[in-house]
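I have a structure here, written as structure tokens, and I will follow up with some questions on it.
Lettered A, B, C, D, E and F in written order, each chain numbered from 1.
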Amino acid sequence: MIDVVVLFFLLGLLAGLARSELKLPPALYDSLSLLLLLAIGLKGGEGLARQPLLPLLPQLGGVILLGMAQTLIGYIALRRFGRFDRANAAAIAAHYGSVSVATFAVGVNWLNVRGIAFEPQLPIFLAVMEVPAILVGIVLARGMATKTDWRRIAHESFLGKGVVLLLGGMAIGWVAGPEGLAPIRPLFFDLFKGVLAIFLLEMGLIVARQTSELRRRGLFVVGFGLIMPGFSAILGIACGMAMGLSVGGLTLLATLAASASYIAVPATMRLAVPEANPGLSLAAVLGVTFPFNILIGIPIYHWLASMLAGGNS
Amino acid sequence: MIDVVVLFFLLGLLAGLARSELKLPPALYDSLSLLLLLAIGLKGGEGLARQPLLPLLPQLGGVILLGMAQTLIGYIALRRFGRFDRANAAAIAAHYGSVSVATFAVGVNWLNVRGIAFEPQLPIFLAVMEVPAILVGIVLARGMATKTDWRRIAHESFLGKGVVLLLGGMAIGWVAGPEGLAPIRPLFFDLFKGVLAIFLLEMGLIVARQTSELRRRGLFVVGFGLIMPGFSAILGIACGMAMGLSVGGLTLLATLAASASYIAVPATMRLAVPEANPGLSLAAVLGVTFPFNILIGIPIYHWLASMLAGGNS
Amino acid sequence: MIDVVVLFFLLGLLAGLARSELKLPPALYDSLSLLLLLAIGLKGGEGLARQPLLPLLPQLGGVILLGMAQTLIGYIALRRFGRFDRANAAAIAAHYGSVSVATFAVGVNWLNVRGIAFEPQLPIFLAVMEVPAILVGIVLARGMATKTDWRRIAHESFLGKGVVLLLGGMAIGWVAGPEGLAPIRPLFFDLFKGVLAIFLLEMGLIVARQTSELRRRGLFVVGFGLIMPGFSAILGIACGMAMGLSVGGLTLLATLAASASYIAVPATMRLAVPEANPGLSLAAVLGVTFPFNILIGIPIYHWLASMLAGGNS
Amino acid sequence: MSLEIEKRVLLTLVTEAVVEQSLLADLDRLGLRGYTVTNARGRGNRGVRDAAWDEAANIRVEIVCKRDLAELLLAHLRDHYYANYAMITFLHEVEVMRPEKF
Amino acid sequence: MSLEIEKRVLLTLVTEAVVEQSLLADLDRLGLRGYTVTNARGRGNRGVRDAAWDEAANIRVEIVCKRDLAELLLAHLRDHYYANYAMITFLHEVEVMRPEKF
Amino acid sequence: MSLEIEKRVLLTLVTEAVVEQSLLADLDRLGLRGYTVTNARGRGNRGVRDAAWDEAANIRVEIVCKRDLAELLLAHLRDHYYANYAMITFLHEVEVMRPEKF
């Protein structure tokens, strides 16, 4: 059965395609995404408090490499088969090397509903994988010896809203522990799925606006938006198996790898590689990959993870 | 005892009349109304999942006729006794033929607090009754053979925020069923009354701003705003008895009939019948009918329903 | 252990000091403060319903005098030791004679977490102490025989958002009682601490922006921002002991006295004493006193209250 | 430094927020290519419109274009909006670069 | 097509959001009939005002009126606001229809 | 009543909201001292930008300054922004008091 939060996405999508007057206030969208980021962080931090942190360091290195590899592979595919110019290939690839919080949250929800556990460090992976793809993308577009304002880029990347709220939430969860968090549980944990539902309603509306752009972009973009996440998911599972993750953890890491950023990366790339067309990346990411992942991808990645690593769990 | 949500309305009203600085951010108002609409829809859809849908069709036909009849009667009364011109009579009548979500929500709350059950299709009635009065109102103002842009009107009416969220919520509730909805219950159901309370606080503030307009409009508008809902409620109870509704259902249908729209109708009529004065309709609807219904009307309608259909329940 | 809501403050503070991109939508901030004010009021009103109101009147007189005394003492200190001109001394003193809702909420939370009870009239004290300092401040700046527009000032003060929501919530809580409030408990009471957490996150961001201003203002402002609250807290405890408050009540009254306004007072003083520099007051209140109170002050005030009035509780 | 600068007019209108979609669709048909909208509140002959809720909100629309088009748009507004909607319009000359955009 | 057009001035002021009510009440007394307000942020002599919270928010007020009234309003602003509030003012000519409105 | 009035220009730009920080930092380096920003939406060569989410939001920046500075800023915008960003610019003369502010 399809999860109820995904039904909200479909409602938004249909309303958007039918050109309904429905609009969410931007402040609501921002507030919901703040709640989601903090909740994911808190949950992760709470889990981390129960285990030693040092053994995580190599895992962090692993997922950073994963994100960078995805960006590189995406770039090559876009240049060779899509005949994109350097700037556009680099920009699109960076979106796919990075991650999407909303997709991650849907994955978490999917596992929760089915009672499948996953490792508490997954939210850290989410935070850590946001940035490397951006840096690789910029280098691919510009080369190393450029007048790129790296200080500003680093600032935008590492101190962006997403990273701060995720890592901040994690730190708070880690310090406070389950007991300390108890008083704020009703807001951050009990409401989580309702908040995600409304957030996905808005995502549906946003996705619906990509269709006209998509139609103009043609088949290659659609194909790339479908194949790249499948490929990335397999890479993610391989990476996760090397770390010895459970099936739940593998599914989430595959989901992370398969997901593509539509918040942090577009904003940073717009400044760093302005000649890349933002409409192109967003059409692929939002018009194809995001709906694919949350509607079909996640169950497939779980099935793949179970097949490949059944013994682990 | 007066319900706590109505106390919030009174607080807003008093604050507004005292010209307090109190203001709610518009984004909060929009967010709360979105929550209310979705929650009402979800609840209704959940109920509908337990019964066959086909027998509802004649009931839907019934409430559509109810709304159209109210509009016509209102129009005649306004023309004959109020001496309004065609445009203004049609516009005001359309407001009263349509329905108010906030009034409905207060009615639902009133029944819930008293443990009185009602049929799950009532929220569909709410969704279905929004539009017919608008169409009748336009025809009354313009005649059939006009250059009215019906496509745009239909679009505005059927794909407006209210209808989409109510029907969308209902569809989700129907598909997901009680179990599927469980994870989002804390947000949509547990918080419902608190959300309604804050929404009514804002309504109180909005109602308070109608007083100066009301004073200018004179007694007829006040009288119409009081008599029309009473009359409509009786029509609604009759209509509900023909459908065999329970006392709770009758009370709510009477409340729906008695309620007057202050969101969908003003916006559409402003475009379709621009020469009608929107201040006039809003003074009657918000300055008189809305407070009357939530403060006094609902208990009366329930008492009437019990009297007239005591045997049914 | 440090309370989890205070960890959110620290997160905001760090993010702000690191010049992160993190921003909360202003509508969210307004909505959260509305929720906090209403929740505090409702809780207080619920408690008051269980006791006679008349004996409270002298207590209200007491806290009004407390606020006025603080303002006078602050003014003298600022004139004599800080060599501020009349307008600035009066404006700053008014901030310290008035109170801060956020500080009060953190105090309430601190006591709740530790299971320490306090009297239900404390929220009334909060509402009542907002205004007198403003009036004293204006008289100090202008003298009595001025062209100050007292009607406007009174309107701004007594019908400002804070006072209306606090007293309004209290009235609703008083009328509805515990049973009447039950349906809205999930929103106003269960979410209280989560709401406070996000509110303090934003407060951290706001406090962080005061640092550059603080650096320019020099040591006297910092010193005043630290000594004045300590002094006021002792005054508050003395006042509370005269009223026979419990240790919890003493702690909260000390917290109230020690707290300084950063919403109502700046807005009113900007109009009434425009030549006072608002940056100066805010640097002291937000840059020094607010963080001092919530990080260190409250436990100290509780310790003081226990020492001085151990027998009372 | 020489910037190629040409003259256009800036036509500004302030009107009710509810008409935004339909007004822009109208002007579109008359040849409007670009516009900028901001949310506003205000007061005029039709009383205070303080944006406290949707019915009482204003928008402010700016259109940079040739004077001919501005006059065409104005005539349309006069004939179809002035009588029934809260609305003011005003225009003045501005200097633009990239005149082909306007 | 001939549109009856007359000259007026557009007076624009940017100032602190907290003074909105009291400023408009002041100008009212001097004869102001219509105005438009939008929310704004900015930077000037009194530093950055980025609208992150109420104390740091600006408003932008536009007034279409006769030059006489504009000068009266400006003189009042100069005498009562310039010294103590973050504020700029500027004006220029505009063409309006329905001159009786302004 | 005589108000000391001088001429300045008002330069207005409408562009993508994402560049706000970096654009203002740029113009700062060229000598910009004051500016006012409002949120906006609109349509132009680069399609509809309706502010439904951050990527599709516009800002409207106003700068009152001497004509020299305006031309310097415009040249910079032409060289670094016109090609890759949704942007329009226009300017016109305004009368200001307190000319030392601009």
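One rule holds in what follows: a contact is a pair of C-beta atoms (placed from the backbone, for glycine too) under 8 Å apart; a residue touches a chain by one contact, two chains touch by 3 or more.
Keep in mind that what you see is a predicted model, and the values were worked out from it rather than measured.
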| item | value |
| --- | --- |
| Intersection of contact partners for chain A and chain E | C, F |
| Pair joined by more contacting C-beta pairs (B-D or D-F) | D-F |
| Centre-to-centre distance between chain F and chain A (centres being mean Cα positions), rounded to whole Å | 35 |
| Centre distance in Å when chain D and chain E are each reduced to the mean of their C-alpha atoms | 19 |
| Where chain F touches two or more other chains, by residue | 38-39, 92 |
| Residues of chain C whose C-beta touches two or more other chains | 23, 25-27, 186, 191 |
| Set of all touching chain pairs, with the criterion as stated earlier | A-B, A-C, A-F, B-C, B-D, C-E, D-E, D-F, E-F |
| Interface residues, chain C side, partner chain B - complex | 25-27, 30-31, 34-35, 38, 155-156, 159-161, 164-165, 168, 171-172, 175-176, 180-181, 183-188, 191 |
| Of all residues in chain E, those that touch chain F in their complex | 12, 14, 38-45, 58, 60, 71-72, 74-75, 78, 82, 88-92 |
| Chain E to chain C touching residues, read off their complex | 16, 18-19, 22, 47, 51-55, 83-85 |
| For the chain B and chain C complex, residues of the former touching the latter | 1-5, 7-8, 11, 14-15, 18-28, 109, 112-113, 186, 190-191, 193-195, 197-198 |
| Contact set on chain F toward chain E in their complex | 1, 3, 8, 10, 33-39, 64, 92-98, 101-102 |
